[in-house]
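Two complexes follow with chain A in common, the first pairing it with chain B and the second with chain C.
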Partner chain A sequence: MSIAGERPVIPRRSRRQVDGWRWAGRIFLVLMLLYTAAPMAWMLLTSIKSGFAAMQMPPQWWPEEPTLASYAKLLDPQNSVGADFLRFFWNSLFVSTMTTILAVIVAVPAAYAFSRFSFPGRKFLFFAVLLRNMFPAVIFLVPLFILMRVLGLVNTHGSLILTYLTFGLPLAIWLLKGFYDNIPIQLEQAARIDGATRFQAFLLIVMPLSVPGIIATAIYSFIAAWNEYIYAYTFLSKNDQLTLPVGIQRFFSENTTDFPGLMAASFLMSVPVVVLFLVLQRYFVRALTEGAVKH
Partner chain B sequence: MAHVVLKDLVKTYGSFNAVNHVSLTVNDGEFVALVGPSGCGKTTTLNLVAGLIPITSGEIAIGDRVVNDLDPKDRDIAMVFQNYALYPQKSVYKNLAFPLQMRKLPREEIDRKVKDAARVLDMTHLLERKPRELSGGQQQRVALGRALVRDPAVFLMDEPLSNLDAKLRVQMRSEIKRFHQDLKATIIYVTHDQLEAVTMADRMAVMNGGFLQQYDSPAQVFAHPVNMFVASFIGSPAMSLVPLEATTADGETVLTSAEGWILPLSARNARKVAAATSNKIVLGARHSTIKLHKSAVPGAVPAKTYTVEPTGDITFVQAFLAGAIVNISVPPTVAVAPDAAVWLEFDQDRIHLFDGETEMALNAD
Partner chain C sequence: MTTATGRAEPSRTSPRGEPGALRAMWQHRVDYAYVLPSIVVMLIVIAYPIYYTIDLSFYKTPPSLQLRDKIFVGMENYTAILSSDVFWRVTWNTVVWTFGSTVFSFMLGFGAALALHRDFFGRGVMRAILIIPWVISAVAASYIWKWIYHSDFGVIGAVLVGLGITSRPPNFIDNVDTVLPALIVVNIWREFPFAMIMMMAGLQTVPDQLLRAAKVDGANAWQRFWHVTFPHLSSVSTVTVLLLAVSNFNSFIIPWIMTGGGPSNASHIWITHIYELAFGRQRWGVASAYSVLLFLILMALGYFYVRALGGNESKDRGT
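Our next item is the complex of A and B:
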């Protein structure tokens, strides 16, 4: 038997193997989806039950009398619960947005510098930046609190923004540097020869190409700030300054039985993140640099 | 247009010298080809002239200005990159328009120049496409077009035709040559295709290991290579180089091989050998200057054929001679078998002699 005659067997067998793996992957993904989606579905279902229905045993799998009362209460500024919730929401939005904007403003030039320029201490600085992320966040709780007290920032949103930046920036810089590393340097060089200054080359050519990276960074910073609990809990004590995670927790430890209200609040809290993803995901297009250089 | 002067140019990466004391002058309107093997520093030299990387030492002047400290945008140059470097987010039209926009030309003028360039490069129908929607050859033409829309003092081209198919390459070669003649443009053109260099350039600069080896007209470089590197790099097939030893027999200088044969030298060649630093001599000869005999002839030396490659109008024969491989060309009517004994006759007036120690060409005076 000739070697050529045996050949077709090999790809056929390997394709079957691949199919096996593909199915295993699909089953795994479905399980993961159930694992993550089921609690969220339960949260949504509970949020539209009445307080009584939510406490029933055995549980009502599907609410018999769905109601939006909890949402109405939370979103009504006249109601004291609603007023608190909306204020927490606004506080969280402010802190997270400021963190995100500052993170992007600082991370973009920093990452670009790490990617493009060689300067003394570049390697050291880059690892110093990452060093921060090698320790669990709690370790810095007390030192940062003392620092904030010295700076007079305790009980201000500034303390949170600063803290979130110290956590978010290293990763943001690291992430963005990866993006800039992948943008061929010849593009900037071409722009500079075509008449652009170094800054114009960055602004007109490189920046637009790093939009997906900037958006990924922004989403990451926003979500991290939006969900953070420990620092918000430690640095802020005045009720009207609390952010959502702390606010919801504190608020409902006083009203332990209002499960639909708690679930509705939790659901509302996830809305901005979901909206952010939906709005920005179209910028996660395939590699923007395709066609720029010969490979 | 302007002339370009490189003076003792050095570029060092760490302890590695990518460009070593290169000095050369490109005259106003001259087409200079920079050739050499991969990694010899061609792109680096071009980048230094463009101002994209800092000079370690030396001086670059474009026109009458020393441009060492000028930004690329102020050097009045256009460049075609080895890997195209097209702006991926911009259409072909905008790629071509960008250099003109940066120079704040009026919109109508930009439009006219872009469309002119597109017509010359036969890409009018591609103007609205993005680079990723183009073939490799089309991308290369856009890269070329982006340089041609402008009217700079100097054009720098880094292997602008390397990715085109053979037919398009020949066509673009004449386009660029035509363009050079029409505009009297000063062009520094990097290529490792020596045929491109020979056919297009007024002068060629041969580089190796960061050093400039020879800078002269293609005809001169071909006829009088200054050292063994240039001799073997320029010409296809390469010049054959046979290591021999100089001795004296009956008062005459001759070359002897380890195989025992003796090659008498003309008086002029004997004078060249006398100038060598040792008795190690390398004999160089191009394929067309060696005569192949199938039987022993006075003055011819014995060799053994290795491969025979008919190409149609000429047949190339490789033969072993004194441990080296020698390229010979014969008319297609001559039948030669591989592994056959042959005798090679060298033309005393057209052989090259090199110093076996310094690898430099030997001169009679």
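Our next item is the complex of A and C:
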């Protein structure tokens, strides 16, 4: 396994015969593309309609009078809807960023230890980490709610950050461990022969090489925290504390018929994570597969 | 692979008997420092809640979260659950939901990975588009699909009417028979990209020489897939299916936002049902007992999960 992540280049097979399988593959891809993209396209189309134009049967396939009114309303701080939406947006950004920073700080040493050291209990600890991934949020809700009350964190973003951190950690450690496994141990040994302490070897040799892994882990933590719903829904009740998923739900349970507004909000909520993903997708996809697919 | 546990400090590991264990732990005390932050956080947020849930499942609880006046009732909560009709209904829904979502997500994702394996113009763009549903929030996805399924103005209904298949737009969400399949379609929409990513990475590990050799020996496309590609992917497939199954078993957002479990429990799965018992009806004791049952099921699943992932790890060491 190379460190820099170039996978073996697959030579193109001959294109002489376009056989039935290849056609089947193409048709399948087109259908999948339709399945994937059509709902997103319909979201965008609805979001630029007026409330009246959206509620028609048969629908306007292409909006007759496209309007950005829904977006303007959501992004206008003077408007009460816009003020709420922007506050939710900012809350989500704050919680996700803090979670990401803390997750990286805690996961890096843990993943390194799991990858390199052999201490008693190492295996058990690692499986504990993996097993955590399996338990659903709902099991932890009641006790965590009570715990947060004891800690005085109910209705604060601290409760969310602490929770997301914990539940993001197992996967973060697992992803990062995959990266550390692929960094040749000889590099560190060489550094230690040259007189570096183990910590120096870690900081100066391993850390720089694991930057792609750290980026991937950070994106993963960010997206997971940004999209999290159930804890935010349970722990936060004050309107000015809500994160986007809960805020949108609360808002639109009151305005059930404003579908253009709802679609515009869904779109705006998706923009940060989709952009982040598209820009950094190489790291992201690699990180996810690194742990499970070894070669 | 260069993991080679213990090679960093071969002198420190003493593989001697029992009395050595404590000494080994002491000798490795510095190593624990690297893991300590994770362990402390997880003990607070994970171990305590598990203990608390088990404890609470033996009590009859007052509706407030001021849980001082709970009454010990032994196994009563458990017998009440197992003898209720709703339990079996919800369990069946969960089985259908988990099985349907996992199987179809895996097959569609695997198919897409195979179709995208060969390089062609626009492959990168296509891959990116196919992955987007997995990145966007499940809450947003639920609202998008709720709008698509809308009983009066939904786009699917409009298409069906336009094609002359039905005279009136069907109401998928409020129909006891169609609601669960309709939600599974949404779930697959969000989950298949994960299977696709995993299988794409897996496909890259299949040695090209083997495929070419098989071709020279006269194997057709299907035989090459079935006898060369597929056996190579068995461990990735196992891990992918298990991860999908676990996350589907644990899903909450899509049913909760789209239907809230209705109509008449037709789309309640375990997690949404537990949530409603606890936070909707404030029956904390019963909800805890449910959670403990859930634990037990997940433990059984977890056995396979750890074996699949652990097997992968030990194989990794061997090379």
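We take it that the second predicted complex is superposed on the first by the 244 of 295 C-alpha atoms of A that agree within 3 Å, B and C clash if a C-alpha of one lies under 4 Å from a C-alpha of the other, contacts with A are read in each partner's own complex, and residues count from 1 in each chain.
The rule is short, and it goes like this: a residue touches a chain if its C-beta (ideal position, glycine included) is under 8 Å from a C-beta of that chain, and two chains touch if they have at least 3 such contacts.
Remember, it's a predicted structure, so these values are computed and weren't measured experimentally.
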Checklist entry - More residues of chain A in touch with chain C or with chain B? => result C
Next on the checklist: Contact-wise, after the overlay, does A:Gln189 reach chain B, chain C, both or neither (first, second, both, neither)?
Outcome noted: both
Checklist entry - After lining up the shared chain so the two structures overlap, which partner does A:Phe259 touch, if you call chain B first and chain C second: first, second, both or neither? => result second
Checklist entry - What is the contact status of A:Thr197 with respect to chain B (first) and chain C (second): first, second, both, or neither? => result first
Next on the checklist: A:Leu153 in the overlay: touching chain B, chain C, both, or neither? Say first, second, both or neither.
Outcome noted: neither
Checklist entry - Between chain B (first) and chain C (second), which does A:Tyr112 come into contact with in this model arrangement: first, second, both, or neither? => result second
Item to check | Partner chain in contact with A:Ile48 - chain B first, chain C second, else both or neither | outcome: neither
Next on the checklist: So in the superposed three-chain picture, is A:Leu209 touching just chain B, just chain C, both, or none of them (first/second/both/neither)?
Outcome noted: first
Checklist entry - Of the residues on chain A, which ones does chain B touch that chain C also touches? => result 184, 186, 189, 198, 288-289, 292-294
Item to check | Touching residues (chain side chain C, partner chain A) in the complex | outcome: 1-9, 13, 21, 24-25, 28, 31-35, 37-39, 41-42, 44-46, 48-50, 52-53, 56, 65, 67, 108, 111-112, 114-119, 126, 128-133, 135-141, 143-145, 147-148, 150, 152-153, 155, 158, 161-162, 169, 189, 192-194, 197-198, 200-202, 204-205, 208, 221-222, 236, 239-240, 243, 246, 249-250, 252-253, 257, 271, 274-275, 278-279, 284, 287-288, 291, 294-295, 298, 301-302, 305-306, 309-310, 312, 315-316, 319
Checklist entry - Which chain A residues qualify as touching chain C in the complex? => result 1, 7-8, 10-13, 19, 21-22, 25-26, 28-29, 32-33, 35-37, 39-40, 42-43, 46, 54-59, 106-107, 109-110, 112-122, 125, 127-147, 149, 162-163, 165-167, 169, 173, 181-186, 188-189, 198, 223, 226-227, 229-230, 234, 244-245, 248-249, 252, 259, 262-263, 266-267, 269-270, 273-274, 277-278, 281, 285-286, 288-289, 292-295
Checklist entry - Any idea which chain B residues touch chain A in the complex? => result 47, 50, 52, 71-73, 75, 77-79, 81-89, 98-99, 102-103, 130-134, 136, 139-140, 146, 163
Item to check | chain A residues within the chain B interface of the complex | outcome: 184, 186-187, 189-198, 200, 205, 208-209, 288-294
